[in-house]
């Protein structure tokens, strides 16, 4: 049994990790870390866990956790892990970080977009970017995984094959996305109150959302050169789900534009064997309801023959493939388990 | 492997059965029955099933299904099973009926409340009422299970120990309940459109909802005499969940009223060992969010010392414990499997 | 023009007052009071007000406001008005209090249920309980109006004629109600976050909600003796609306129970001429969507011939008839204006 | 008093017209037209209208309505008005058409995108496109107004000044929009059921939504040449509201890109005096909650200095400015009334 600790178990992503780990046959949670609820039963905070665990929340103590845990998930705000991590800890345990601290390989990009100093830049190269479908071979055997962001997972996977295969011009890429409100976390803020969110759509982080450089980093790798995109997130009145609608101009090749068959072939090439990526039949578009509660990424696409643009749409559950589910998938890879273990539940609808 | 057929697989309860069966290690679905979608892929109707099944929907043909299935779930409107069931079919397969056709032991009560003739009254006694926590011993070895209604499961289980132990006066019992909209089914009706349901609460079936006689039948058995209750359902703007708030006057016994400890002891006596019933700590009240997606029944209670009434509150997921989950629990009992198989997922929150 | 000041203009009830006052032809808002947003434009907090007002929020200063305002609405937590009000202020302005401070005529009841000391009990008798349909004659000419609570307005008006006419036994009265989340206010609390409220129903304040004694006070007056009721509120996943479902046993009179015609006649007697009370046709039940944004109270009723209980259902918009709308109606009465001024907008649906 | 008839009064747009007309001092509704509810009280279908009208729904009979009505609103599916309108009717009454029949000046474009034959192409030139803020001078004195679509109103107004002033390259314009579900109408369709829409975001009409040519027609007029755009609508789980997020590359002019001040100046030039268009302060973005129930268009914008794109965001209430409100605004213009009459209610929040 893999002994698991969670820093930030009482946030939405942490609690989703608990839910998924409860359905995983090879793990045992030995540390429910929390800042706000130390000493309280986890199941008294998240009452869905009643009957599954009687454990109390403990303070976040990475050093002590490294003693007791084979793997630690850090579901914390940015800055935390960077400020406490060191080589000694990594020599004793593995860490899967759900925050942004080790996602960006360029420390100045991190410090510019996040507005904070990176306290352990020397460890950035030790981390691997945990986008499983793209990097699973690199993830094996590592001890520090930077679990991708929610919007980024959806945005990158949806566009990656098109950029990598040169079907679209990456400089024209525009990503317009909407997320359920669990992505905003469980902090007590007026803007996230029921009556403020319900019955409304709003954009936020326009031109400066922090997931932008993460998307650019990965798609630049796909393109083989530095690219920049526009990414605009919106808050949607629902609990879970991310939908990313992405637009890019098709590349003219030998005098003609790529066809739907070309696009399909490229997606199949990259994702044809992926369990968690479901390529939809031609012309069908994803909807977040079909992935709710699951680790799936649904992808659809259409060419606009009039404007020679490709419209790609991806859908995920932000708490699963966008956070806890992918973290678990990474854990499975790290420990040589079947990558799907604990993640085969059918999406919940309605 | 138990071979399973579903009549009405493309309704909400039927599709939830599919979801739960996909997580059950001992079954195989061999017949996706549907009236409206014959010949179409099940996963093209419920796209959450994409990647889980490539089967087509077939017409509902109970006779033929009896050949191929060890058990058939009928998730159909009332009247269907009564009109097609016979002894021959029951000699070849087992049936778990999610409709109301075999729930009421008194045929005239059925015909009065449902307004239709019962076409196979001779089979009523062959059926067992599948409220697992109360009747599991009677269910074993049977071939026809009447799976209880959603409101009734919640309403009966919440009040049963109080009535059976004589702590409350059952003639004063008032049950006020709210349900998510999946309980209204997937039929295309104006009243169930998003804009009609959203941002509104409404009562319906006031004084005449068909779950009333079912509640009365079971609580009369608990009381040892015929009782009548008031039951008022409400439609709530949410997908899933039933909350039943129940009021009854405490019985004065030897000059004093039952205490919270008496109430707790009675609940513990009946449900202390039940996995799927979670008795909440003193003073805590259930909320439907904590049971969503699961087979749990959460029960809380408080005595009003001023009015000498007991307020009992129960919460379930109407599609799981109120329909598909309990049906699966009944299947597990019928086939001698662990009653919890396929039903141990933690509730999904948020 | 009536000069109006609002203490607590940036809460939900206060902001709804602003919305309604903007549609009132005879008033001018001269003081937008706020505790949290002093110095900020009101329209930068509630951006729906952009284009309607450019005024800044000012600190709550009842003494100074009394100089400038013909009437002050206090939309504040309980305890505030009681602690600052005095005769001098009342000699200079009129006050309509949306808090509970002057609703209960018995100071000890107030202190017991609210758990705070009443700081100006000598003024309680100066106040009039502002349930307009019942007390409009008493309200005229007064300077201190205790605007009723949201649940109480709905609960009392729905049951009042039945109790006053002796059609039901008030000791059997059970009130089960649900409210939209705006009733919980705009404070930044985890329990009111979108993801905590959405997709869930929950009871709260079971046996001890503070609106209970207010309901009992008024229905005791109707009954001519002290009565006690059970009142259970629930939080519903919607912005606005209160639905109260009320149960009581019919009184046997001369050997027979009241009929639907008797019930209808009693309702007509009390409310037949009331613009804001809409008695629904026989057998129809209210739904909160039909009153949203308006000052209406919709009332429906049905007799259960089996149990001899009457089920009465009332629906209001908690922010309008349950708070700001009724406050405005009271203002109209105080200033001799047409009671409906500013309140004749049709409910907004969907 | 202007005598008003409504064809399709029992659809969502028609019923919203009724609501707004009830608050208009100069009109009287004399014909509630309906296909499905002839002979039933309008207020029994839309119970929010109880107390406002006791009129029955009548069949849609344009000829007879022309006798009795000074103006007729047609809130019908496309194809209806085109098939029944003629010069004789227009000689007797004015028509404001909320359908698409007379919006497109090119009949072949209409027939291609809508897939139906236009039955009265000779009347297309008689119609004026009723986007009030752009064309109010042309609207005066006309007898046939093509009321713009919901998405189009929001999309066009948001981009118009930028295109007209040459600040952006219109060939790069991408419009990503989300709408509340009332935009889908009141037809009984499975896809619009509460449980299908709730907790989900989905794109639809990708590359082929019928509002595309309408947007292109108007923005081509602004650009002075034919342009094409990408327009992708999404269904959002809310009743009302449209949010359009629009992207375009800034035009390099004399070696530099337009600044935020340039953008602001252009918006001010076109909309600075418009009551119904609220230009938000620099950097602020619209949210649909702030316009709900009103005729406002809120517009915000930001330049991405990295990609030299302008992101423009517009928000409207799809049933008001996107349908009934703009129709009423057009009526006010046609009859020489103050354009704001009946439309000055503050948006309803929450």
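Order of writing sets the labels: A, B, C and D. Residues in every chain begin at 1.
Simple rule for what comes next: a contact is a pair of C-beta atoms (placed from the backbone, for glycine too) under 8 Å apart; a residue touches a chain by one contact, two chains touch by 3 or more.
Please read all numbers here as calculations on a predicted model, not as lab measurements.
Counting C-beta pairs in contact across A-D and across A-C gives the higher total for A-D. Greatest centre-to-centre distance from chain C is found for A, with centres as Cα means. Chain A and chain D have Cα centroids lying 38 Å from one another.
Separating the CA-averaged centres of chain B and chain D is a span of 46 Å.
Centre-to-centre separation between chain A and chain C, using Cα means, comes to 46 Å.
Residue numbers of chain D whose C-beta contacts span two or more other chains: 12, 182, 195-196, 198-199, 237-240, 287, 289, 292, 350. On the side of chain B, the complex with chain C involves touching residues 174, 176, 178, 180, 195-196, 198-204, 206-207, 228-230, 232, 234, 236-241, 243, 245, 247, 285-289, 292, 302-307, 309, 311, 313, 315, 350. Those residues of chain D lying in contact with chain B across their complex are 12, 181-182, 186, 188-190, 192-199, 237-239.
Those residues of chain B that touch chain A in the complex are listed here as 12, 15, 18-19, 22-23, 46-52, 182, 199, 239-240, 275, 278, 280, 287, 289-294, 296, 298, 344-350.
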